[in-house]
Amino acid sequence: MKITLAILTRIGQTIVTVFLLVTVVFFLLRVVGDPAELMVAPEASRDDIDALRARFGLDQPILVQYWNYLTGLVRFDFGMSMTQNQPAGEIVLAHIAPTLTLTVLSLVIGVPLALALGVVAALRRGKLIDIVATALATLGRAMPNFWFGLMLIIIFSVGLHWFPASGYGTWGQLVLPTVALSVMVVADVTRLTRSSMLEAAQEDYVRTAYAKGAGPARATVVHVLRNALIPVVTVVGLKTATLISGSIIIETIFAVPGLGWLLIRSINTFDFTLIQATVILIGILVVITSLIVDVLYTLIDPRSRDVAKS
Amino acid sequence: ACSPPGAGTAAQGGDGGDGPFEVTLLANADPPDFDPHTPGADEKANVVMNVFDTLTVLSPDLQETLPSLATEWAAIDDTTWEFTLRDDVDFSNGEHFDAEAVKFSVERIMDPDAEVARIGYSFPTLESAEVIDETTVRIHTNVPDPIFPERAYALDIVPPEYTSSVSESEFAMNPIGTGAYTLADFVPGQQIVLEANPNYWGEKPEVDRLIIKPVPEASTRTAELETGGADIIKNAPVGQIPELEAADGVHVEALAGRRIAYIGMNLLPGGEEALQDKRVRQALNYAVDVQLILDTVMEGYGDRTATVFRPDFTGFDPDLKPYPHDPEKAKELLAEAGYGDGLSLSIQFSEEIFASAGEVINALAAQLAEVGVDATIEVLDHPSYRSVVIDGQEANEVAPLFAWQWGALEPSADSLINGTLETGGVSAYYSNPELDDLTQQARQEMDITKREDLYKQIQALLKEEAPFIFLYQIPDVYGISDRVQFSPRLDQYVIAKDLKRAE
Amino acid sequence: MSDDVIVKVRGLNKQYRARGASGISRDLVHAVSDIDLDIRRGETLGLVGESGCGKTTLSRMIVRLLAPTSGSIEFDGSDVSSLRGSALKQFRRRAQIVFQDPYASLDPRTTVGESMAESLVHHGVGDRAERRRRVAEMLEMVGLQASHANRYPHEFSGGQRQRIGIGRALILKPDLLVADEPVSALDVSVQAQILNLLRDLQKELNLTVLFVAHNLAVVENVSDRVAVMYLGRVVEMASREEIFANPQHPYTETLLRAVPTAHPRNRRTVRLNLGEVPSPLNPPAGCAFHPRCEIARSGLCDREPPRLMPVPAGAADHQASCFLRAGEGAEPRTAG
Amino acid sequence: MSQRADTATRTKKRAEPESAFGAALVQLRRNPGAIFSVVIIVVVVISALGADLIAPFDPNQQDLSMRLMPPGSVDAEGHHRWLGTDALGRDVLSGVIHGTRISLTVALSAVVLGLGIGLLLGVLSGYYRGWIDTIIMRAVDVTIVMPFFLMALVLRIALGPGLGSIIVALGVSGWALYARLVRGEVLSLRNREYVLASQAAGANGWYIMMRRITPHVIPSLLVFASLQVGVVIVAEASLTFLGLGVPPDVPSWGTMLATGRDYLVRAWWVATFPGVAIVLTVLSLNIFGDWLRDVRDPKLG
Amino acid sequence: MTDTTLSEMSGSEGRASSEPVLRVRDLRTRFELPGGDFNAVDGVSFDVEAGRTMCLVGESGCGKSMTSLSVMGLVPSPGKVVSGEVLLNGRNIADLRPRELQKIRGSEVSMVFQQPLSALNPSYRVGTQIREVFTLHRDWTRAEQTEAIIARLRDVGMPDPEARLKAFPHELSGGMAQRVMIAMALACEPDVLIADEPTTALDVTMQAQILDLVAELQKSRGTAVVFITHDLGVVAEIADDVAVMYAGEIVEKTGVEALFDNPMHPYTKGLIKSAPLLGAAGERLVVIPGNVPNLADVGPGCRFASRCTARIEAGLTACESHHPQLREIEPGHSVRCWLYDDTAPVAGSGEEA
């Protein structure tokens, strides 16, 4: 009962956030300039530009445009793309799959790896393996990912011919971008796992476990790790959000036709409707992710469950 | 280059020699659509030029006008061209090609009520088309247009029945033409597949499939070519050309391209005071060492131009020499004009305006600095830069100096002058009645020698007036797999039927 | 002294909106329900009760650090329950509070002197020198040295910090001092020092004190009168002697029985079955104590909450909220 | 009753400001990673401050005849080019040294800007709660959901090119994180007894926020910020890579990396050295930040 | 349940009752910290016999918890047991290998902590956490385990134990959680139960119930209990023997009645007098002046010297320079104080001797 209420409230919040996002993006873009001028060929006449303006309703007062856009959204109509002769909504939907595939793959690979590294680093605190694992993780944060991506291409495509450098469609093509994205995941999750392991290891209940006769292995895995995972879930959730909205560079470098790629492309062509549609969709995905994280959180942390009981 | 395991791209399909021959071409991005009559010609060219035919075609150097759907043509009077059409041509959907199709296409282009913007601006002289019989069509122009047959290269013919039976957007995504290829598959962001048209009226091409893939990052395109993931890449970053030249299984083909790079000056009222003085403008031209930049930053590619005229332009004056690199002269002129103590100007550009723009502008700025002109660099993102320059005269946000380029498709300076120098041109920040007058005369002059003479006068005037810092013809550099034989065209189109298997 | 009431609380309620983990649950915690309470000028009123029964909530409302949900608080004859702005500030000059946790109640980044002088600053008392003088005076009064003003809290022990907290509360010379478990966090030896100090100061400054504690022995030691709270309500109120010698409410009896003995020879021999404190989220209907009460009568005690009534019937200065005990004037007392 | 023992444990765990500093110094000596990071940070700061004195060349000085010289070579005039030259014949070492200044200026200003906004709004949000909180937190959500590059592009266009707009773009997109962090801390601080004590003493909301809450938020905020400086350095490089960042004539690590990418195979040194500079700096900031946090929170130390 | 008989054999019957189950000899636990090194436990010795309760009292920070953790072999780093013996059923735990030590913890000796809610793992159900003890120490089937868990919960007076199995710790009140802790500690019927301030976090009514519970369970099982508290009331309620700690040392050790009737050490006296007692209303409390010394810089003398008024009254001079030893003054009553020691050196003699 209260759980449903909680979910409804979250959905309400989500709608508010998305509405604000739409509004902010809409007006921000209008600050920027007139897409009509940007879309026509340099050789076009002023009449052509005016015609274009009229076609996309850019000649109307901005509030009218905004109202029309909102009423369209309610009907799931994101407007026509200004550069591609298709509804923006359809275009965006067609680009979700690559982004989600990459995101999920890099999580599936990155998170377990990071957990393992983090746990080992925490257990062998101050030892060589800790230093190596933390250094690797930190390196993942320190390396600009476009540089890392290009390095991957030069080494594994051009040099070793192991994987194709770009594109989307085969498994081979997923390898390098997945690696490049996973590094971002591994970096943060390893560090957090390590520190949250160390923190959980200080808790009283771990002492209780030892007092019960548990050995270090059991105390660590059963008692420390389980609780250390709770903050990790939150960060993995946040990370997922950044992966979705932050894959722009990786998708550009590896020519993966996902949402980031689409965003950069629509930004470059000043396709307002397409930018809006992309941003809104990214926003929705991010918010859905945080919903999922909340649910996971409830599963993993019994304390957050008792909202339902009294 | 050997192929990566699991790459599974079609590029390898044709390696054997007898299987279907596939060629993979990498582009920056997907074209917005495939309608030949809407703007975006450059992005769409890879598809449009292969799927559609035009009345005439130009030779790769754009010098000669050759028959295509039209077998011959003649000027009937000052404002009428008559084209004789082939009678053995069908569109790929079976619809027959005839004079009606030409008329339909002309009217489609010129339709003022079209839902979407059409490319009427590419045909400033076009008035109407008149069907004489099935294989004869007359084109009426509003002013005498000596070069209409050349312009006809841009006039793609669409099938009337199909085109009018489907919606704008359906046509744009499922184009039907008479060309050597048909659009077989389009996965946005992944690939466009063109397949040889079995009913093509001309010679059967060697390439069975042309696959076009969008890869936004230039370094990645280079890598793909080197790994065998692609066969043709356009406009590799200049810095990577030597790398490509050295790579196995890959060669580089280059051509002085159709685009002319120059540094524009804001000479409109309200622009920079100092630049109003001709001597200052000339000094800037003396100050820069364009050849050195071409030899180094441009890795030896690109051809110096005296003004903005290409050698293939009507009336090109081979005797007019570029400004020499003469810093002393530059300083002198500056001193004469009262700027002996130096001058501060800012220079605007976007990285995408031409290849290696950042480095070229940097190098230019350093050279200007040597004569006491302190050029502050301002880089904009390409879209905003375009909106600043194009039609930005009223807003006057453009910097005193700005890097720009123009790529006339025809071997004529007309569109270039019209767009960048003639009073009121979309990106013109200059107004000179004399130039306007000469241009207008040349535009309407049917006599070729007189026309050539007018253009020579224009060139001399341009060099003297120096409304730009003249730079060079931007090179078109292609990286090509050794398995493909390809010779670049001045218009930058990759015409699949002209590609051959390497021996 | 005796009947001059300085604080008069009537029908006071405080409800908290308990937030769940997801931030949206709307459970109401009835931290304080329907409290009537008088504090007489110059007395020390002890307030006892178990953890979570609302002692802190009540005491913070009395000094208006919390706004009541409903009810009135009269201070010296005027209602202060809805004061705001400068009127509230003026009230605060006269009613001050000492907190429970000597570690959390001093800002670790502020010197002790500054912390003590803060209220002087806010009320515009004196100039710098004057304030410094008063801080020094107050430090000595609570048994520290004037030179301690420049130190930071971490340089002091818990007992010393609590002295500082008391000094800070008294520096404006308030009429009422609310001490919210001022010794609960301290070791016995230090607790004794603080209790003695409070007692001395009260005499010296003619203070009215509301002294909150959960330790009955402490309350007995300092109080003139005692109020016992259970689950948000005052269930019994009487003079110290009465409460300890003649407890009327069954809960008070329970509390007294649960106190550990003072000597091993007096050890309890029977096992106590005292039950669990219910959650204030959903307190039992009727008398909140009835599920644990040995004498509760169904149909009577589980209907509606009893109010404080004089017990034994007609007693002048002894009130308890128990239907059974209040009616004892008529019925003979049942259990012992 | 719980409080007595609570405080007993707390005194063991809590690091008090003064003693923490001494302990920090002691700890520094024991931690080679921290020493390494401090050394790098000092070097970076010195290069930023003294770039003009340290760098062997003007980083913008071009010589097209000396382009792409490998590290260690000696140029026509007999000067050592320790890290080689780039495509315009500029000295890579000098570029890296001067790049320090720009990258650090951009990163620090952006962090300070974001931190300022985040601190102010976070404190307001956490202290006042209610509708102020709701509004600010929705703004936080929107900022976090909004793709960073879109924001950067829009701001850049709105504010014009140049360092200023990048700083604003980076700063503005960071505020939400700080605001969230600050709000969380404020929520836990505002019910501390010493805050109530200040209220009881007659302090108004502004005084409490400025004097009783903000000073306690700042240390953990600074730890976070030291990590964030690294993030911003990388973000600046990424923006520049996408052509939305620092202008190409300004020697920042980002521009060097972005232009050097065309030469990764031919002249690896052009992009590698600025890349290494970024990695080392960010690495050090991370190690330093981690260490700061450990020192502040001895539970982990 | 063969275990019961086993533990009974080794516990109360198989051994002469004078033979203590737990003997602690000269235990010293040292912390080496940047701020200075100190012994949190400094030469502590005591014995606990089966079926008896030994109370360790003392103020916060005097080393009570460290003593108990040292006995368990669970001293947190950087602390270390540097000397002394802990003999559990005659075996010195310092000689045991880690695996053997693990076998002992939870089965022969177990512990209940002060904060019941934080001592339970928030992520697991109560039943699961008790079950873990059986998994570690007993070869039982799941059904047997469940049965035993329910039995233990019933023993500690948990209402509706079958349902409570499924509860998470945060769903329990402090008192309930402490019962779970006790059920868990007694699950394998250990010989020794160490309870470190198990009632400090609880309300009086709850405390009374827990104290009853411990006493009862101990009586029925013959367990030896080490009960740590700072509350003399609790001592009076539950102890057989008492050791008073001050600054890492035991300063007085005796039977509980003797302690209350005849406290000897000035500190113990102060402690007893400074606690307000029910029924002694309104009296001014006796105060021990001063503060507990910092363990890192205790002087050479008696650690209580600076706060001791008796020393001045008795005109003792040795206290500040000479460290007193714990001496048995009366049978079963030991005190660490020069007042009771004729061998007390006279001022200055320390240097001469």
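Each chain carries a letter (A, B, C, D and E) given by its place in the written order, and its residues are counted from 1.
Rule of thumb we're sticking to: a contact is a pair of C-beta atoms (placed from the backbone, for glycine too) under 8 Å apart; a residue touches a chain by one contact, two chains touch by 3 or more.
As the structure is a computational prediction, the values presented were derived from the model and not from experiment.
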Please give the intersection of the contact partners of chain D with those of chain E.
A, C
Shortest chain-hopping distance from chain C out to chain D:
1
The larger set of C-beta contacts, choosing between B-D and C-E, lies at C-E
Relative to chain E, the most remote chain by C-alpha centroid is chain B
Euclidean distance of C-alpha centroids - chain A vs chain D, Å:
22
What whole-number Å value describes the gap between the mean CA coordinates of chain A and chain B?
39
Rounded Å distance between chain B and chain C, as computed from the means of their C-alpha atoms:
87
Whole-Å distance, C-alpha centre of chain A to that of chain C, is 52
Multi-partner residues in chain E (2 or more other chains touched) are 60, 115, 174, 203, 207, 230
Among the residues of chain C, which ones contact at least 2 other chains?
51, 187, 214
Find every residue in chain B that makes contact with two or more other chains and list them.
219, 382, 384
Which chain C residues qualify as touching chain D in the complex?
51, 60, 63, 65, 89, 92-93, 96-97, 99-110, 115, 118-119, 122-123, 152, 154, 158, 165, 168-169, 181, 184-187, 214
Residue ranges of chain B touching chain D (in the complex, touch as defined):
218-219, 237-240, 242-243, 292-293, 296-297, 350-352, 358-359, 361-363, 365-366, 377-382, 384
Contacting residues of chain B [partner chain A, same complex]:
2-9, 29, 32-33, 35, 39-41, 115-117, 119-122, 168-169, 172-173, 187-190, 213-217, 219-221, 223-224, 226-227, 229, 382-384, 386-387, 390-391, 406, 415, 419, 426-427
Touching residues of chain A toward chain B in the complex: what are they?
32-34, 37-46, 48-49, 51-52, 55, 81, 83-86, 91, 94-95, 98, 150, 153-154, 157-158, 161-173, 252-258, 261-262, 264-265, 267-270
Within their complex, chain C touches chain E through residues 50-51, 157, 159-160, 187-193, 195-196, 199, 214-218, 220-222, 240-241, 244, 254-268, 271-274, 276-277
